[in-house]
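The structures considered in this document are given below.
Common to both upcoming complexes is chain A, partnered first by chain B, then by chain C.
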Partner chain A sequence: MHIPDGYLSPATCGVFGAVMIPIWTAASKAVRKTLSVRQVPYLAIGAAFSFVIMMFNVPIPGGSTGHAVGGVLVAILIGPWAACIAVTVALVIQALLFGDGGITAIGANCFNMAFVLPFVGYYVYKLISLNSPAGSNRRIIAAGAGAYAGISLAALCAGIEFGLQPLLYHKANGQALYSPYGLNVAVPAMVLGHLLVFGWVEVIVTALVVKYLQKQNSVFFEGGRS
Partner chain B sequence: MSNALNKKRNFIERSILSALAFLKDATLSEEYANRKGFLQSLDPRLKTVSFLAFLVTAISLKSAVLIGSLYGFCFILAIFSRIPVRHFLIRTLLFIPLFSLFMVLPTLFSIVTPGEPVCSFHVLGLNGIITRPGLDGAVLFVVRIATSVSLVVLLSLTTRHSELLKVLRVLGVPQLFVLTVSMCFRYLYLFATMVENIFTAIKSRVGVVSHHRHGQNVVAWNLANTWNRTTQMSEEVYMAMLSRGYTGEPRLLKVFHATLKDWVWLCCAVIICAGLFYRGQIL
Partner chain C sequence: MTLTRKLWTGIGAFIILSPLGLILPDHFKAGSAWGEWGVEEIQKMTGYVPQGLQRLSERWKAPLPDYTFQGWEGQDLLHLSFAYIISAVAGIAIIAGIALFIGKVLAKEHE
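Here is the complex of A and B:
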């Protein structure tokens, strides 16, 4: 789902960068309120965790493997605003230091993976889990549903961003200047791939990690951070 | 060992390889950044600004020839910066550009991009017609991606990662964010080593995980365990920060100094970008 440089026009990158500025500002304010100076390392280590989740390869039926993005899991564990900063940090490090995902597309990538993904996932999780006990199965189901909804909607956003490019930016003879496929191709390609395959990897990882954390350290689900 | 078994234990090996690839990339980048080359000798702030200008130019231009010339410029810079040519080409042409090339192939044909035909062929009873807008669009797209990737790779290979993160602060990124990024980066090494150790231990003790569901449980259990260890670690890290005099306001230890050479480089970068934009307007 990482959008590299060159897939989106400079104007699209600018718009998403501008959209993300108030979100990052709000996230910083929310995090300052809820996390003290003491918890800056907590945020940094949360960001490193969201980076490291992608190193864990998950076996899927058929003998292949995939990896989760983990945005919803981090949101459930440290809250959506802190997750927004944590995932942004992970994306910045990936783009700037490892050339994975674009520098100019950082606004769009953060919108999809650091805003839409954790917020949608977190609120679906909250909606389904309501006030259920910390160790209940309902929270595991809620985490899985949140992960599925979060990644599917993030994929839809990425599909729309790709699909708008040939409509908005093309030469007079119809030559596409950026991502070449319109909404009719880009949206199904992104959404179906995530609904049918990648979304399920996200569901499995998020739900199982929540299940094990309930057993190991249920404090994460006892009304505090989550 | 049968293919099926090989496939089933792949997630263990792939996880080890992911962690090792991260560590190898990070170590190799630091090694190149410490070499005595042209880009390594520049002030990280002005170098980053100039590369951002090149990047914006690369994604704004509409001519594959002009963007390609920028790729050629990157190639020359890589040579003068003592980056091995093979490594540069692998990093900049494989992976993202190759994936982009495969992705864009269908747009060559008239069924996706109608327009003036360039050539046609007949395969398995099907008529394939490659059109001018399809071909030009695909070439422009792939060249743009390769050039963008090469600019980012060149910047990250020739700048020490810790300095690159400090440049964020100089560019006006808020302190809380830069502090988090810097700390996160340090812990990535630790976590990557942790992931490698976890899966090496699983491999040595279990060997083969017989079913994908069991494998998923193993991964989830270890992720949960990693999270528990990270939360415990954050408290220890905070105590270590306090013991070193942390008061809530981080300080930059290294002060950057720009020399005449750095300003000349920045002027050259601006002139090159302006020249490319000008040529792009009249082409």
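Here is the complex of A and C:
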């Protein structure tokens, strides 16, 4: 889901950069209000977790690869705004140090994976878990459902961003200037890959870690926003 | 053992296992992620290289491109796995450092 340089037009990149600036500002304000000193290590662990889980490329035999993002789990544990910051740090370092995701596409990639993914996942989790006890199985199911919804919606966004490019930017002879595949190809490719394969990695990792943490420290799940 | 220490141990386990993210796609003959093809791959798939993509792509020379050392692209899986683990350690050290710094600046002394 890491859109490389050259796949999105400079204008598209500019739009997503402009969209992310107020989101990052809001995130730092929200985190300033809610993050306590003892939670700071979890922000670092969350960012590290997101980074390393994205290294586990899962193959579709003979096809493409994909991976989990881990952002929904981080959102469940320390809130979606803190998760936005944690995943953003991971994505920026991936682009700069490893060339994974474009420098120009940082705004779009952060919109998909550091904003849409944790927020959709978090609110689906909240909606399903409601006031269920901190140690309940319902919270595990809610976490899994949130993970699935979050990564699927993020993949849909990426698919739309890819797919709009040849519509908006092409030469007179029909050749695309940037990403060459339209919505009819990009959206199904991104969404189906994540619905059928990669999303399940996000579900399993999120549910397992929530189950583990329920036993370790229920403070993460009391009232949800710890 | 404190919970944060347990969780960091878990991250350490993920780092050691991370080469699975190279080995499994290789074993199952899977290619790039969708939309993350190199210029040559696009040329093969569509018969041309989009002009703007050609101009903007691969301009940035990452220090550890694709989680390996520069010039190691053709190495065998053992070497690539080694570089992958080094990349994971380096990436996590930097990311955790930045996140700790941001957290310290933002977090307040409240419970």
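The definition used in the following text is that the second predicted complex is superposed on the first by the 201 of 226 C-alpha atoms of A that agree within 3 Å, B and C clash if a C-alpha of one lies under 4 Å from a C-alpha of the other, contacts with A are read in each partner's own complex, and residues count from 1 in each chain.
In the analysis below, contacts are C-beta pairs under 8 Å (C-beta built on N, C-alpha and C of every residue); 3 or more make two chains touch, one makes a residue touch a chain.
Predicted model, so just to flag it, every value in this text is computed and none were measured.
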(request) Mind working out whether A:L208 is in touch with chain B, chain C, both or neither, as first, second, both or neither? (result) first
(message) By the touch definition at the top of the document, which applies to A:M190: first (chain B), second (chain C), both, or neither?
(response) second
(message) If we overlay the two complexes on their shared chain A, which of chain B and chain C does A:G6 touch? Say first, second, both or neither.
(response) both
(request) May I ask you to decide whether A:Q175 touches chain B, chain C, both, or neither, giving the answer as first, second, both or neither? (result) both
(request) Return first, second, both or neither, reflecting whether A:Q94 touches chain B, chain C, both chains, or no partner chain. (result) second
(request) Have a look at where A:F221 lands relative to chain B and chain C in the superposition and call it first, second, both or neither. (result) neither
(message) By the touch definition at the top of the document, which applies to A:F162: first (chain B), second (chain C), both, or neither?
(response) second
(request) Return first, second, both or neither, reflecting whether A:Y42 touches chain B, chain C, both chains, or no partner chain. (result) both
(message) Is A:F16 touching anything from chain B or chain C once the two structures are fitted on A? First, second, both or neither.
(response) neither
(message) Quick check on my understanding: which residues of chain A belong to both its chain B contact set and its chain C contact set?
(response) 4-7, 9-10, 28, 31-32, 37-49, 51-53, 55-61, 63-65, 67, 85-86, 89-90, 93, 95-99, 102-104, 171, 175-181, 216-217
(request) Over in the complex, which chain C residues touch chain A? Could you list them? (result) 3-4, 6-8, 11, 14-15, 17-18, 20-22, 24-25, 27-36, 42, 45-46, 48, 50-67, 84, 87-88, 90-92, 94-100, 102-104, 106-111
(message) Under the stated contact criterion, what part of chain A meets chain B in this complex?
(response) 4-7, 9-10, 13, 24, 28, 31-32, 37-49, 51-61, 63-65, 67, 77, 85-86, 88-90, 92-93, 95-99, 102-104, 171, 173-181, 204-205, 208-209, 211-213, 216-217
(message) Touching residues of chain A toward chain C in the complex: what are they?
(response) 1-7, 9-10, 28, 31-33, 35-49, 51-53, 55-67, 85-86, 89-90, 93-100, 102-104, 158, 162, 169, 171, 175-181, 186, 189-190, 193, 216-217
(message) Could you list, by residue number, the parts of chain B that touch chain A in their complex?
(response) 4, 7-8, 10-12, 14-15, 18-19, 22, 25-26, 29, 52, 55-56, 58-60, 62, 91, 96, 100, 104, 107, 112-116, 132-134, 136-138, 140-141, 144-145, 147-149, 151-153, 156, 161, 164-165, 168, 174, 176-177, 179-185, 187-188, 190-192, 194-195, 209, 212, 215-217, 219-228, 230-231, 233-234, 237-238, 241, 248
